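Before anything else, here is the set of structures, which you'll find just below.
Consider the two complexes below, in which chain A is the common component and chain B and chain C are the respective partners.
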Partner chain A sequence: MRILAIETSCDETGVAVVEDGRRIRANVVASQLVHQDTGGIVPEVAAREHLRAIDALTEQALRDAGRGLKEIDAVAATVGPGLIGCLLVGANYARGLALAAGLPFVGVNHLEGHVYANWLYEVAGGEPPADPPPEPQIPAVVLIVSGAHSDLVLMEGHRRFRPLGRTIDDAAGEAFDKVARLLGLGFPGGPLVERAAKDGDPNAFPLPRAVLADRYDFSFSGLKTAVLRRVRELEAKGPVPVADVAASFQKAITEILAEKTARAAAEHAVETVLLGGGVAANLALRAEIAKRIGHPLRVPPPRLCTDNGAMIGAAAFFVLRHRGTEMPVAVRSDMKLA
Partner chain B sequence: MLLALDTSTSWASVALFDGRDVLAEETWQAQRRQGDELFPAIERILVNTRTAFSAVTRVAVATGPGSFTGLRVAIAAGQGIARGSGAALVGVSTLDVLAYPHALSKQRTCPLLPAGRDIYYAAFYQERNRRWLRRSPLMVATLPEICRQIGTHTLFVGEIGPETESTLRDLLGPKALFAPPASRMRRAGYLAELGWKELETRTQVKMSEIEPLYVRQPSIRVSFDQTFAAPPADERALGLPKRS
Partner chain C sequence: MSHSSLHTERLGERLGALAAPNDVFALSGELGAGKTVLARGIAAGLGIEPAEITSPTFIILREHGGGRLPFFHLDLYRLEGADLTNTGWEEALDAGGVTVIEWPDRAGDALPDDRVDVRLEHIADTKRRVVFAATGPRSRHLVQELRTSVVGA
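Our next item is the complex of A and B:
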């Protein structure tokens, strides 16, 4: 089963060709650098860029895969959650392509894409590896963290998800973005804060961790406000020790995420802990979670943590394989995992 | 066979055209649901006309002006179809589609589309030397600003609510003419005719060149200096329906 998959939920235009939900034959991603100037994503600008890029990227993905449309079995696209104007570009392009090529269209929940990114592996030089990595064991606890989402999910089986908790205010990635802006580091904040934190002392400034007792929900706004207040105090005294603030913030936020993830893994009989989303590329977060759990931890390589078409192709395969389960087709900005 | 797709505003329309006749057409008030309702509508007209998708070798999409999000729905769908089957794709201005059915009226015709906050998209069309042409640049302006450009009897078409109609009557008196509501509407059958003609005379442009007409929405200013982004020639004949 070979799937052409399209992702346009936010500011990356991704097109991929994926076989059997696992082997990546092509995975092209155009990141929209335009947003670096504005320090955030402008939905209208993002939607325009998607439309401008999508057809050429599709052509390139098919070329990279060395496959014509005749050798494709289904076309998939993200239908939510995400920016509505952006989702509409990818979903309508993919539906048009599927209809015209006589192929089934598969609507994919973006969050499922982040989960199934853990099933993917690259095909180097055209030949699949003799011993592909084993599939992740399920049931699993999955933490999806990015600029748009912070979700803790129990994956009971393929396409069977039970939401455990989510952010009640900012997404984890947004907190990184805001702190990065505060420290003058730029956008997107995740990798920039991580780099700045390398040379800093994570214990320089104690920061509060909102404890939502007995719940798996997250809150990052208190932490963000505390960082803001601390930076203002430091500014009054002289130059801000950027590395120390970045390291202290990173330690606080990774501890919040790791503590809930580890507790969820301990309280539910699971085989594995899986990560997904752009913030999952953060090495301090991985280390903190690995330290606290007694389970194997799976994290996709960084370029599969951020939004891409391959993860949508992987998720689409499992949608088709588990046909009894619900498949969304209509585009919804606020779609949840079910 | 040509498939025409128009999701420029809250009104959406799709049509199937065989080069001479419109075989099926569906026009509906989609509000903001164009993105979800476009494909079911396409599938319905294919089923109703017993047409296999493989017979569709041409696609025409409305490129605006209109709602940016709405415009992208049909254009993205058209690009996907062209990629999927190799069908030829053409973009046609939404105002051209609105004006075209009135080519034989002999009147100066002004299609109007709401651009938000008392602002309208508009342009003037008129027959001259048996050629039906767009006679003005694209206007993005208030009704008084548009009416200041009008000295002669003008037929208004497009999305004109009761308030807009009475404002135009106040501003222009007997010079303001109105087509019956049903014939003011945008219908993809006309888009199909225009798109077909365009493809007869022009070779396929690059797919990425078919873009929405992203007109800056001024809060108040007239932008008479603003020309149509594409197609470029103001002098381009849009073709007259054959006289019998």
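Our next item is the complex of A and C:
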């Protein structure tokens, strides 16, 4: 089964062609550099940028895959969660394309996309590898961490998700963004804090870890505030040791995420631990989790951690194969994983 | 003066209980001052499950139903320096619900005329000064009611 998939939930326009939920035949992503001026996302501007990019990207994806629409079996798009105007652009474009081509339309939950990114592999030079990577073993504990999400989920089977915990205030990626801004590093914060932290001492400044005992929920607001207070104190004394603050913050946040993820993996009979979302590209986080678990850890390559069309194509395949659970079609900004 | 985040949340609850359709609260204060905590309290005062209230920074606007009135939670943090004239966030303001705006300075003079300005100031780790200011007749009435409810008539 060959799926053309579209992702427009935030500020990346992604279009991909994916076969059988695993093989990437094409995966093009246009990032909206326009937001770097504002250090953030302006929803209506983002929606207009999607509209501007989507047609050319779809043509390019089909061209990269060497396929015409006639050789596509279904058209998929993200229907939530995300920015409502952005979701509408991608979902309506995909629906229109599906209708015109007489193909089924598949609405995909963006969070399922981050999970199923772990099923994907690249097809170099058109020929599938002789020994493709094995599918991740399930049940699995999944940690989805991005600018908008921090969810710890038990994946009991395909498309059977049980929420274990989530952030009660800020998302992990949001904490990275806010600390980056505080340190004058720019946007997006994740990769910039990670780079700055490389030359820093992670033990320079002890920072609090909110302990929500006996729960899998996260809280990053207190950590963010502690970093702010510490930076203000340091500013009063002289130049802020940016690398040390970045490293200390990164150590605290990765330990919080890793501790809960490892505990969830130990307390549930799972085969694997899966990561997804932009923050999963952080190498310190991967190392901290790998150190604490006795399970195999699967993480998508960095370009499949951030938002992309291929992950939506992978998830769409499993939506069609496991129709037992509800298939969303109407767009919703606050959709959950369940 | 608020002596804990729980205290700040309780203050929000009183505001939420007093709120009427189209009331707007503009919450300012630096990162970690307790804006989202106060917003959570306002939601609770409207009868919305407080655990549902998380930071809307990323998606800018989160709408919560299930309470006495719809609750619109706006966060303009990411919109610094951006042109707001066409972002659509103003539509939430007169939709018959209660609107909380975090980082209202991003909106400049696009804020509604009659609103409650709440300023949260960091005093110490668990201590915040919370200052209420009314900018019109409806908000003046609301702040007066809050004062009566907190310190008695």
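Definition applied: the second predicted complex is superposed on the first by the 338 of 338 C-alpha atoms of A that agree within 3 Å, B and C clash if a C-alpha of one lies under 4 Å from a C-alpha of the other, contacts with A are read in each partner's own complex, and residues count from 1 in each chain.
Everything that follows uses one rule, which is that a contact is a pair of C-beta atoms (placed from the backbone, for glycine too) under 8 Å apart; a residue touches a chain by one contact, two chains touch by 3 or more.
Everything quoted here is computed from the prediction, not taken from an experiment.
A.B. asks: With the two complexes superposed on chain A, say which partner A:G85 touches: chain B (first), chain C (second), both, or neither.
C.D. replies: After superposing on A, A:G85 lies in contact with both chain B and chain C.
A.B. asks: Using the superposition on chain A described above, determine whether A:L182 touches chain B (first), chain C (second), both, or neither.
C.D. replies: After superposition on chain A, A:L182 lies in contact with chain C alone.
A.B. asks: Counting only touches as set out at the top, which of chain B and chain C does A:A264 meet: first, second, both, neither?
C.D. replies: A:A264 contacts neither chain B nor chain C.
A.B. asks: Taking the superposition as given, does A:E44 touch the first partner, chain B, the second, chain C, both, or neither?
C.D. replies: In the superposed model, A:E44 contacts both chain B and chain C.
A.B. asks: Report for A:I168: first if it touches chain B alone, second if chain C alone, otherwise both or neither.
C.D. replies: A:I168 contacts chain C only, not chain B.
A.B. asks: Please work out whether A:L228 is in contact with chain B alone, chain C alone, both, or neither, and reply first, second, both or neither.
C.D. replies: second
A.B. asks: With both complexes overlaid on chain A, does A:R52 touch chain B (first), chain C (second), both or neither?
C.D. replies: After superposing on A, A:R52 lies in contact with chain B but is clear of chain C.
A.B. asks: Once the shared chain is lined up, is A:A247 touching chain B (first), chain C (second), both, or neither of them?
C.D. replies: neither
A.B. asks: First (chain B), second (chain C), both or neither: which does A:D334 touch?
C.D. replies: Only chain C; A:D334 stays clear of chain B.
A.B. asks: Share the list of chain A residues that count as touching for chain B in one structure and for chain C in the other.
C.D. replies: The overlap between the chain B and chain C interfaces on chain A comprises residues 44, 85.
A.B. asks: Residue numbers of chain C touching chain A in their complex, please.
C.D. replies: Spelled out, the residues of chain C in touch with chain A are 30-32, 36, 51, 54-55, 57-63, 77-83, 86-88, 122, 125.
A.B. asks: Taking the touch rule as given, give the residues of chain B at its contact with chain A in the complex, in rising order.
C.D. replies: 35-36, 38-39, 42-43, 53-54, 56, 68-69, 72-85, 87, 207-208, 211-212, 214
A.B. asks: How about chain A: which of its residues touch chain C in the complex?
C.D. replies: On the chain A side, the touching residues are 10, 37-45, 81-83, 85, 147-148, 166-171, 173-174, 178, 182, 221-222, 224-226, 228-229, 333-334.
A.B. asks: Using the touch definition from the top, list the residues of chain A that touch chain B in their complex.
C.D. replies: So the residues of chain A in touch with chain B come to 44, 47-48, 51-52, 54-56, 58-59, 69, 84-85, 87-103, 329-331.
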